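Going in written order, the chains are labelled A, B, C and D, and every chain counts its residues from 1.
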Amino acid sequence: MSILINKHSKVLIQGITGNEGLFHSRQMLQYGTQVVAGVTPGKGGEWVLDGKVPIFESVKTAIEATGANATAIFVPAKYAADAIFEAVDAGLPLIVCITEGLPIQDMMQVIQYVKQSKCRLVGPNCPGILTPGEAKLGIIPGGITVPGNIGVVSRSGTLTYEVLDALRKAGKGVSTCVGIGGDPIKGTSFIDALELFEADAKTDEIVMIGEIGGNDEEVTAEYITRYMTKPVYAYVAGISAPLGKRMGHAGAIIEGNVGTAASKISALELAGVKVAKHPEEIIELMQ
Amino acid sequence: MSILINKHSKVLIQGITGNEGLFHSRQMLQYGTQVVAGVTPGKGGEWVLDGKVPIFESVKTAIEATGANATAIFVPAKYAADAIFEAVDAGLPLIVCITEGLPIQDMMQVIQYVKQSKCRLVGPNCPGILTPGEAKLGIIPGGITVPGNIGVVSRSGTLTYEVLDALRKAGKGVSTCVGIGGDPIKGTSFIDALELFEADAKTDEIVMIGEIGGNDEEVTAEYITRYMTKPVYAYVAGISAPLGKRMGHAGAIIEGNVGTAASKISALELAGVKVAKHPEEIIELMQ
Amino acid sequence: MRLHEYQAKQIFAKYGIPIPKGRIAGTSSEVRQISEELGGNVIVKSQVLVGGRGKAGGIRLAKSPEEAEDLATQILGMEIKDIPVRRVLVEEAVSISQEIYLGITTDRINQKPVLIASSEGGMNIEEVAQSAPEKIARCLINPLLGLRDYQLRDIAVSIDLNRIYLKTFMDIARSLWKVFADCDAQLAEVNPLVITSEGRLYCLDAKIILDDNALFRHPDLADLRDTDGEDPGEVTARKYGVTFIKLSGTIGCLVNGAGLAMSTMDLIKLKGGEAANFLDIGGGAYAEKVSAATKLILSDPKVKVILVNVFGGITRCDEVAKGVMDALTGKSANLPLVVRFVGTNANEGYKILEEVPYQTASTLLEAAEMSVNLAKGVVSEHSYQ
Amino acid sequence: MRLHEYQAKQIFAKYGIPIPKGRIAGTSSEVRQISEELGGNVIVKSQVLVGGRGKAGGIRLAKSPEEAEDLATQILGMEIKDIPVRRVLVEEAVSISQEIYLGITTDRINQKPVLIASSEGGMNIEEVAQSAPEKIARCLINPLLGLRDYQLRDIAVSIDLNRIYLKTFMDIARSLWKVFADCDAQLAEVNPLVITSEGRLYCLDAKIILDDNALFRHPDLADLRDTDGEDPGEVTARKYGVTFIKLSGTIGCLVNGAGLAMSTMDLIKLKGGEAANFLDIGGGAYAEKVSAATKLILSDPKVKVILVNVFGGITRCDEVAKGVMDALTGKSANLPLVVRFVGTNANEGYKILEEVPYQTASTLLEAAEMSVNLAKGVVSEHSYQ
């Protein structure tokens, strides 16, 4: 088992003919993911990736033809909200938006709309989801992790890869890794992911990687105290970040006195979470 | 039993200090309805109806203070959509909008919003609901009907009173009478009401009063064929109405070839509904 | 409330929908001048609020300013379906390579706005719906979300739009949605949306119907109302807040409530007569309103009988009676009056009317029957003098 | 992106929010003239994009055109928090009877816009939230539905607004919501919204922060950007699409990914050093971008060590190496270089860098430690010439 995606997932790529979309679709396919369709308006009827993946005009027609049940969105930020609305209206159970730089008001509308649907949105501005040995939806490099019993959830991209790499080097594998993204307004929260990991038979321990900005980690700490039975380990980036500056991610900003790493770390520690001082220390804490 | 309202319903009146609101609140109270609160912004803290009903600034505060679980809206058309949104956001299970003349785009937004909530909207542009001997929410005159086992649902106002009056004169009583209103876009449909009557132990027979415009009656006929076990009698007004003219009710218009009385009558008859040629004939059909 | 083509086009233009160059004119010399400005090749279109202008000869092509002036002289003297043509729209003629239908209206069943498009533009969309339903593409619009681009792309594919026009088509459709939403329209229609032989898109004919209930939000649009095509009685009725619809029969009806008013008409027909009008005085009407309503009935020379049918609830029968009396007083008309009062203050109402002769009916059916008989000349014992 | 007060007020005025009469000026003689036009009693407000203008003496009252000119001369020569004052806003002085706070921003927790109001206007709302939280009223706005009137009435009651001002207050708040939504604002704030002793409402100070991600929809607003208060490096970085934030340390960092870049800074600090910057070259960065980014680091005279930390995925380490080499080539700087490449084309990357001396680190911690030691002067065997 795993969460969100596995080898049976039938994946659709919105924006498959863009540079990023095409490159990562190939990677997903090579990883063993069932990439069954792409959507690029105006290119319906063509095939990409050595004739393996058909392109459709719309998400709806792609689903009708291929039975796709998950999508990864690579379309430019300007059009990404529309792509999400299209996926929601087509009823896709899992929508992963890789695109970075979506306007925040677009995202607030999207979230409100998604909430009223039965779809789950992950992201935007996220590396996606990877279930080692089974499938990947997004841009997490496949080679840096192996199947195992650790669930990983993170607001970051490359920092997550560091952790996956360190886990692998320490002989530790991962059930599923979920990048929830670095935006302030996003579809899936730490809590959503923890809830899934808690219910997943394959996952025994969870690593969460937070960062400054907002109070997701604080809220998650409360949730952990009340609902989590599996051990959670954490790392929070940005302890040395200055106030009032947006640290690359749109959501990584300390505003007023909200969003400091210190606050997050102390909340998590209060909830019994072992918090590492640097990414590689997570391995030591897990021994 | 009965549907939607009964003697335990705690009723709130939005727009209680207007002429219509005040007049009908008194009527409801005199009928025995528990009118527990009124809402008129700017008049919170005052009392009306001989000091029996307190006024609040907002629906939320009224509910908190009185436990109201239904509302009748008498505010002018210009503000009525806002009043409905307020009631929905306050979580009132039953919202009856008496007001006539709401812009159709307001109503489309309202309907979309209500659908995502747990509230039921009846109306707008409707006479409301009356459960004889128990309570009334709206403007149906109390004296013209008595308790009994006939459920009545209607798109009309005074025409419904005709039918209630005729039933009473023929010694027949009513479980609940629901006026769903004469607008093209409305909260509760014939089908919604029929579903409730079908499940109501007190209701044995149903009278529905339709009119030209749209195809509610045709759609309802299909529903009756598939789901109704209780006998349904009908009358449809407007057999002599000209094409393309809005007959008083915003929804009562034959557009193209859609909405004719003939189409509705034949659909209902096909569904086994006995359709009266004039209102009083309903009584004869029921014998 | 329906707008004229030129009014709709002005609104469309404000929202960036491309329309042909042109102007409105009230005289043939103006038409000549506009035609000269536009280079001679123009179309002269009568501006009246009815369909079938083309068939009636109200839309004509001119190849020169002189011809335009001649045609305008003819058109400006016409009546189309009894409506005098007071203005014509003069526009540059464009060469059409394709005609598309694009419209937004309200879908009653789904309770949402619906965008409708078809590759068969230029025709009545209802006719296309019957003759070639597969040529029509529809998409529902979530009223809280608005029209989304992906929906427009789907629509464009459905009507086989050449992709080179996609961007412009999407811009136009987005603008049309904005018009629909901003103006509280019940219909916003471009038919045809043409693709010219030069590959440009134009709105060649425009139709906007506004929601009367929303005009309070749009005083500027409300001012555009043209009552030329309306029955004068209906115009007067609107002023008094009653609903009056002129029909062709002989029995004038005054009723409270739209459903009951329709039913009254129906029963008159059932009994072999015909109503002269539909008239709903509304709930809680006061004497003044009723008086105005009664006068509307009296102003119809075809009326032979007046039927007053009121089920008193909020509406008080005595108040209605006062209004009727007020309208009848001083009139020398000799129309029989049938009155049925039920409910609130019915007896008081009957009493007020005692100054004039009338018949009473206890049921709706009886009232209808009585009126029909009176209209047929079966004069009863009472007769109004 | 934050707008100046005068820019925000111009937008507010366009949306019907009442603002005091006034104009923007760049010279003290202009200020004198505006002051004369406004009748002498004016307020002269420095336009710089930082808080604390009042405390710094950048906002002054003048009782005559002469005084206004004098004050303007002073203010226009000032620097506030290192930012030169280039423009002042000159406005008529109003007599204040009450100050209200009114703002709309994004609520991250609820993922919705939130309207915040307080009877304690004129102060920093965060301070009010701490000192008197009961004086703050909040209401969440459904982004698909917009701000509703009933919510505004509730808010008005919560802040004890005198009912005679309700209509105007609601108009202003509705307009503020329109500004927030139409401009893709992250903050639209009127603080204070004053009630004058004559009972009129004015927006006395205005603040708008725009969502940088949405500027593509608002080219006119994007043009309003003033970079006076920004680090030149950050301005350059924006042009190249990399995120650069100037910090006060000595170790220049070049990292791919925001989280990893923060973590790199953190570990430097953990090891006793301090980063000179935060620099995220983004995913899939090409040599040109990396070169520009490296030059940003080199342009900081405080930098003693450069740390390149790249976890290759989409980003190829060789491409990064090329960019770094390009920036270093021809420079005579003598900065030690620590490089950590992991993942895609790491070895190729190391190879490209062989022309310059550098140290490699295998773990993040090691890279940080190495850089800190180098910055402290513990010179290693290789040293960059």
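Here is the rule we use: a residue touches a chain if its C-beta (ideal position, glycine included) is under 8 Å from a C-beta of that chain, and two chains touch if they have at least 3 such contacts.
Predicted, not measured: the structure shown is a model, and the values here were computed from it.
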Gap in Å, rounded to a whole number, between the CA centres of chain B and chain A: 48
Rounded Å distance, chain A centre to chain C centre (Cα mean): 55
Distance from chain C to chain B - Cα centre to Cα centre, in angstrom: 28
Per-residue multi-chain contacts in chain B, two or more chains: 109, 113
Residue list for chain C, restricted to those that touch at least two other chains: 144-145
Overall pattern in which the protein chains touch one another (line/ring/star/complete/other): other
Chains touching one another, given as label pairs in label order: A-C, A-D, B-C, B-D, C-D
Touching residues (chain side chain B, partner chain D) in the complex: 41-42, 44, 57-60, 79, 82-83, 85-86, 89, 109, 113
Residues of chain C defined as touching chain D within the complex: 144-145
Of all residues in chain D, those that touch chain A in their complex: 106, 108-109, 111-113, 126, 142-144, 181, 184, 186, 211, 213-214, 216-217, 243, 245, 247, 255-263, 265-270, 274-275, 278, 280, 283-284, 311, 313-315, 342-344, 363-365
Contact footprint of chain C on chain B as seen in their complex: 20, 23-24, 77-78, 101-109, 111-113, 139-141, 144, 154-162, 165, 182, 184-185, 209, 211-212, 214-215, 219, 235, 237-242, 245-252, 256, 261, 277-280
Contact set on chain D toward chain B in their complex: 145, 148-150, 153-154, 157, 163, 166
